[in-house]
Amino acid sequence: MQRKLTLGLATGLVVTLLTMTSSVFAQKSATDDIAKYREMIADGNPSELYEAAGEDLWKKPAGPKNATLEKCDLGLGAGVVKGAAAQLPRYFKDTNKVQDLESRLMTCMQVLQGRDPQEMIDAAFQKGPKKDMEAIVAYVVTLSKGDKIKVSTAHPKEKEMYDLGKRAFFFQGGPMDFSCASCHAENGKRIRLQDLPNITEQKGAAMGWGYWPAYRVSSGQFWTMQQRLNDCYRQQRFPFPIYGSDVTIALSMYMAKTANGGTVETPGLKR
Amino acid sequence: MADPMRVRAAENGGTVDVKILMKHDMEAGQRKDAAGKTIPQWFISTINVKANGKDVFNGQFGPAVSKDPFLNFKYKGAKGDKITVTWIDNKADKRTDEATVS
Amino acid sequence: MNDQRRSLLKYSAVFGLMASTGLISLAQAQEWNKAAFERKSLDDVFKILSSGSPEKSAAVTLNAPDIAENGAVVPVGISTTLKAEQMAILVEKNPSALAAQFFIPAGTDSFVTTRIKMGQTSNVYALVKADGKWNMSVKEVKVTLGGCGG
Amino acid sequence: MKKTNIKKLLAITGFILTSSLIHNAAVAQQKNDPKFNKMIQDSFRAEGIAGLDRIDQDATQKFCSDTQFANSKKGEAMRVKIQKINMDTIKQPSDGNYIGDWKAGERIAQSGRGATWTDKADAAVGGGCYNCHAIDPKEISHGNIGPSLSGYGKLRGYSQEIITYTWNRINNSKAYNACSNMPRFGHFKLLNEKQMQDVMALLLDPESPVNK
């Protein structure tokens, strides 16, 4: 008897709660469904197709010097690819610069293969030399999958880049007054049904930095971090960030450093 | 020439799980290029999978299959089976890749 | 062994012979069903697949998300406890309803997963032909607008 | 002797601690950093309709880029000033009409297009409202950066006060909240007068699904 009463009360309470929160509930289920969708497409990431092509390009002699990229130093010594993406961006003594993966690869292509970096900078994404770059990036980042993000700001130039990046993250401009922070500085926010990681915190930064580069299902393309940032700025209604420019490297440094300790999940699979 | 596929095939309890990723634009003929011209249909139309020379799967795609198509199926087989995947598209371009069941 | 099965076996044997002797190519052996893929409506495709009106069956499971974050890639799987000979995926509101069809030889599981494009929210149909008869399962998949939209 | 030394040390430590606390509390406006400015200048190029003038910040953008100061007690006077500047930019509708066609408003609210370097100069700019707000409850794909606007008119009423406030807010949200995340649709001419009237109708026409 008592049990029945309790049960009845509990049911009543549940019904009330359900009615009260029905709209919240509907929203919650919509985001849950999106999570289910993502789970379903997680198997069979087309990034693999790029990664295979990238490995070939890494080992194939090219450029005026007809050399491979196998001696490229990504920060762990000449030719070490395994784990390299997890510790970028970083300071490189030979260029006296902080470089991200793509700007470093341009250096390697220039020094080892004799290719002109300007051609890479000027090329459109997904075309010409950029297509090669994208495949090579897919190959390199796959070899850090599962590693911990481990970016250093010990060198003064690294620290400086981090500080510049942090400032750039909050820099508003354009006809919509947007900065990166407009969308990525609070927890629990969404655009439409897409969760927005809070990049100012470790957890959110790892969600962002750790999953790019990624295959983007909406465009059917593999996007490097440079292209990801480029399209962020496009949507922010900014002018065009030059490929490998300091603002892109500074932002990468800020995101990567904030994400330290998170896991490299690249190449990711994104909407 | 078409880009290579990724074929993964793993045996577990007498069943081989085959996962195939094909590199193809799968153009549906619905999009327009920068000049406003419709981009013509271009898609993989048939796919055949053999294990040790014997058909284990046949598929036909329309242009509504996603870009870089993914296919997963299972057949009764064993480790060491030689899997041969062939696709043909509507422009008669074709590609064959092989994998060994692990 | 019933007659139908016997005739099917005979047919496959002849076909197999033709294929192995090079009389027909792979493409011809499973010739792409142009008519079915070019029909617009569900009913037209049903007709061409000579499926009549397929019956809804609990034995057919359509594995698809309730909401697709992007219509360009919608994962769709079919599995069934029936012994499938042929399977098909149809999207009611796509420009052409038939997205893909599969032929399942003996020894292959009655299971397939692929990914399709959907222009808008629509019913998705999983069709399974077993014992010469078509069965189906239907599910609505919502296609949402995602991202900043620019 | 030893004792006094320790005392001294303690005093100094205390002083350092206190001063650093004070320093933290008193947030100063971010200094102009030539290195940062140069980085921004050198990192972008004009593309399509997106010219380099887009990174020349106005007073509002400059103030709001320093979030720490903008949100601090010290920043309050400046916040009020920024809001005043923005309030002064708002023009009421030239034809006196505030409420247009809610159906057209819904289309504007749905579209997040326009004003990027891949858009043409004459391409219509969307409001992108659903990116951040719940509006028509039937649309499940909505963001939550801004508050829900479902039932907007029904909940707030249709008084002239509410109408004017809403018009102002769409025109220039920064008139009420200096560093609101919402774009200044009127100020930057992202939406024209008619489009803003249509979006108004979506929120404030009793016939709009928002108020059903």
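Annotations
We just call them A, B, C and D in the order they show up, numbering each chain from 1.
As a convention for this text, contacts are C-beta pairs under 8 Å (C-beta built on N, C-alpha and C of every residue); 3 or more make two chains touch, one makes a residue touch a chain.
On a predicted model such as this, the values are computed, not experimentally measured, just so you know.
More contacting C-beta pairs link the chains of A-C than the other of the two pairs A-C and A-B. With centres set at the average Cα position, the gap from subunit A to subunit C is 37 Å. Annotation: 48 Å between the Cα-based centres of subunit B and subunit D. In whole angstrom, the spacing between the mean C-alpha positions of subunit A and subunit B is 29. Mean C-alpha position of subunit B lies 15 Å from that of subunit C. Shared interface positions of subunit D, defined as residues touching 2 or more other chains, are 116, 130-131, 140-141. Shared contact sites, meaning residues of subunit C that touch two or more other chains, fall at 67, 72-73, 115, 144-150. Residue positions 30, 191-193, 217, 220, 234-235 of subunit A are each in touch with at least two other chains.
Checking each pair of chains for touch leaves A-B, A-C, A-D, B-C, C-D.
The touching residues of subunit A, counted against subunit D in their complex, run 23, 26-27, 30, 160, 164, 167-168, 170-179, 181-183, 185-186, 188-193, 196, 233-235, 237-242, 245-248, 250. Chain contact summary for the complex, subunit B toward subunit C: residues 15, 26, 28, 30, 45-46, 48, 55-67, 69-77, 86, 88, 90.
Put simply, subunit D touches subunit C in their complex at residues 110-114, 116, 119, 126, 128, 130-131, 140-141. Touching subunit B in their complex are the following residues of subunit C: 26-27, 30, 32-33, 37, 72-74, 77, 91, 94-96, 98-105, 107-109, 111-119. Per the touch definition, subunit C reaches subunit D in the complex via residues 67, 142, 144-150.
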